[in-house]
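One chain, chain A, appears in both complexes that follow, with chain B as partner in the first and chain C in the second.
What follows is the complex of A and B.
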């Protein structure tokens, strides 16, 4: 499915998203793969029960045999028989700063991933395609690091209090004013943890009698926050504006379920970039709908702040919209700023309300001073206020890397999901065995990737997810692409039936868009 | 494998029967079973068809109506632990398209089997009981029903 949307002037640039359908043969083979794994799982469980094979799982001691079991056997089936086989692709220990290249501790397993031992060797300079290091601020040397070290020696590492008690430093006030200026909103508030920002602030904004319309693929923090609030939750199909409009119309016409009273508030929860799909929210249409039906919008820019837009101000700038149209702008400092924590920006009354009523403001410890300084320095760098053009260069480098990488992968014939401009690139693997194989083969070639499978994704859509960074040079990307192509040939991953014509073969013509060759 | 997990899909088991290509995979596996049985030299054609029907219904009964819960932990603290896969499809919504497909396919197989066994009485008895055993649990009235307390926990 390939969408290129112009929508009568709402969009100022072409919005190009593609989610190519799974080829039928691949889907059938994927089910065969899971079927074979299930059969072998039952066989091994049988052997373990009859003591033909040693059981490596945690079991109760002899004295506790009559107690309630530790875990329900069947719920652990997937974990024992599928996850254990390919477990070495996750939880890999790294031992350097996760920049464009990272060092990893080598581990081997002699009993098929039930236990790991460290060989003591450190694999150096692995190209890091998995860290959310969009603008390359995860560095161990540079202006950010020096500023953070100075603040560490001045303020110390811990704050030892919440924002409302003794933990409100002048650094926090400075940070919040800076964040408000960066986003173009009236006021902002910063919290210590990105997940906690979502899950603790949505309950402060909505409650019982309100309606939350959330996207299908929203992150765990948004889902948890929505459930904690006690509001009614309705889910619309991913990025589908017809589904959202239908839900809005139904909600306003029918009101609350039994009593038919009007809803107290309607809050739409969307994300800027969805990290599993690589798709960008259709923000112009969402804002148009929000204004038409008079509801509120909560935008979670965890992955898109710093990564989209000509000067890195996020998805609102990418579409050329007014930041005042978004009622609550939330984001995290973890991804593009190389720090930790989250923020919420909006009107002054809203933020003042959150300062008193939000759980994380009252109970959670405030941000640590060196982290705050890292955010301040990196944000000033992106805005250009530190006197150099380093920030702008990084944002442009990320955009170039994104376009180049996506284009090359599509030319090679892989199936890539998501928007043309999103730095998150999911590459489809589909079959369960290829998940483990891809992770291991890439590590052998010194490239670190993140792979995801069922049940985190739908059963036939397991993928490898690349996160591009401004710290990746063109040589690194070329090396990575060469290795990915090699592994793709080895594992037969080049499923795509629409290959792009390579750019160099066409005469230069600004008005032509992508031509696909079937 | 719970990397970046917890989208709104609380129980992925409910969507498996709607995924792309699974109906085709199901049809192909029944066809392969039939061909394998046909290749055994001392079974006559009616016996092979009855065997296909009975084995298909037996496997369907075990997988859809006996095995309960999910093979992985779900974020809803085990709400579906006591439900069979058939009851979990589409979160319990009745008469959806995959439920209709799974109800119709044993009937189609039964009709083909009755034709190829030339309506022999013994084969008829075996095939009909087998068909009933797999159609009755699919009725909407039997949602969550455990006869005589069998398979309750």
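What follows is the complex of A and C.
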């Protein structure tokens, strides 16, 4: 019962993260399921090749049949034979603002998901558990919308130039000063697209002769940016500080591979919240390691800005650390601010350098003015500068919703991954047929969820990912939980062998969240 | 009422079988093919068990009882 302090007292609050192991029977049955689908996939491919069945997917032209085959790898096999069969759970067209409730156009398929037709009906008021609307700023009425409409009538919608040429509006300058003040850094710069912020700025910061240490489960934008830069990339295990320290030690001791010269720069790439796992980075330990081995830290707060921390300033505030310790703080405006675009914050010399040398600043169009105004209004709301306490109430509502939802799901017996405080909740499904079944059954009950399978996750660990929002009221969450429980019983999804005893009062072990009894 | 419960339960068991073996996502003709193959294999397993297991169990029982209880019988 003694509260043991690990890691030299770096953590000021308990860090509860759990990834329950896959039950053996479930793993075996998942492989059986994939085996059956693979056999039928081969059968269908055989029939398509011998023209017994009409081929509806993309193939090479007759003249190209002797060239290197384009569609024979596993990804395309998976796409034709497995993804097509359950494709109706993705790319669903919505026709209203993606707030807490959303309207969706109904569509049917008469040839097993190869083509879709709209019935013309609109399914109204679906509880939206899939949008990254963490603070509920995706609204069509309210202060943000009015301010954006005013700016739209003043500036128009298009910018028609890049930042370096004629696209640098006074709105952009205002936004960047505000972002720098929000984050607690010296200076910041905003870009038109969050993905492009990562992929176009990492090549500007590192090059050949530098080392990038990137987490196993980093987002595609970080991976693309790292590969485009031409630096050497080494991967450490997800959120594993021993693995990271070993890589750092090897890098310092051995230097570059052939010449043994010291590395020009070592950059550690981590994310604030990993969206597929729901885990939060161990930031105090990463910063301690960074200082000990004199390397640089690039923190991608795409999902955690606005969603973590007592006043919504992100993962740095959540752990109570100094923002000046993180060298490059990157984030996006897409998730918590209800807009689009990304930003990078840091020291003034860094941002001035990026203004000249970043590909995105030189070649990409800058942010559209109404979008900028939405960001400015929502950021002022979160900081409390618009004179109301709406922002603070939203941040607290999100934290409450997160805790409540996660606790209830764990009590029901589902396997939930990730940290207790992250608003991204992955619920494990494992079997491929259940991916399609879960999506369809939840839509029948008027709840919209996002289900994820291969290749975004490992092949047996498919999941349903819930994104909580401050716009969800407790009634909506209760309805959703009731339906999730019903579908869980129908599909037998309650795999967890650790039964949670409700309302525990014991102090937890600091790094894992094991439940023993029942 | 009871018949309805039993029928619902059996339908639920069939649904679980469809989900676990992934025949839920297959087209109807593929499902029929898969069910035929499964039922055939299962019937063969049951038939083999019915024909061979009692005989093998009896032979094994006689073999082991001959080892342990066989010595006193042979001296008489």
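To be clear about the criterion, the second predicted complex is superposed on the first by the 480 of 518 C-alpha atoms of A that agree within 3 Å, B and C clash if a C-alpha of one lies under 4 Å from a C-alpha of the other, contacts with A are read in each partner's own complex, and residues count from 1 in each chain.
Everything that follows uses one rule, which is that contacts are C-beta pairs under 8 Å (C-beta built on N, C-alpha and C of every residue); 3 or more make two chains touch, one makes a residue touch a chain.
It should be emphasised that the depicted structure is a prediction, and the values quoted were computed from it without experimental measurement.
In the superposed model, A:24 lies in contact with chain B only, and not with chain C.
Using the contact criterion defined above for the overlaid structures, shared-chain residue A:324 touches neither chain B nor chain C, since it reaches no partner. In the overlay built on the shared chain, the residue A:85 is in contact with chain C alone; chain B does not reach it. When the two structures are aligned on the shared chain, A:219 is found in touch with chain B, with no touch to chain C. Comparing chain C and chain B on the residues of chain A they touch gives the larger count to B. In the superposition on chain A, A:53 makes contact with neither chain B nor chain C.
When the two structures are aligned on the shared chain, A:32 is found in touch with chain B and with chain C. With both structures placed on the common chain, the touch criterion links A:454 to chain B but leaves chain C unconnected. Chain A residues 32, 82 lie at the interface with chain B in one structure and with chain C in the other. Considering their complex, residues 21-22, 24, 27-28, 30-32, 35, 72, 74-79, 82-83, 90, 214-220, 223-224, 235, 275-276, 435, 450-456, 458-460 of chain A touch chain B.
Residue ranges of chain C in contact with chain A, taken from their complex: 12, 15-16, 18-27, 30, 34.
By the touch rule above, chain B contacts chain A in their complex via residues 1-9, 12, 15-16, 19-22, 24-25, 28-29, 67-73, 78, 81.
Chain A makes touch with chain C in their complex at residues 29, 32-34, 36-37, 40, 43, 82, 85-86, 112, 431-434, 436-437, 490-492.
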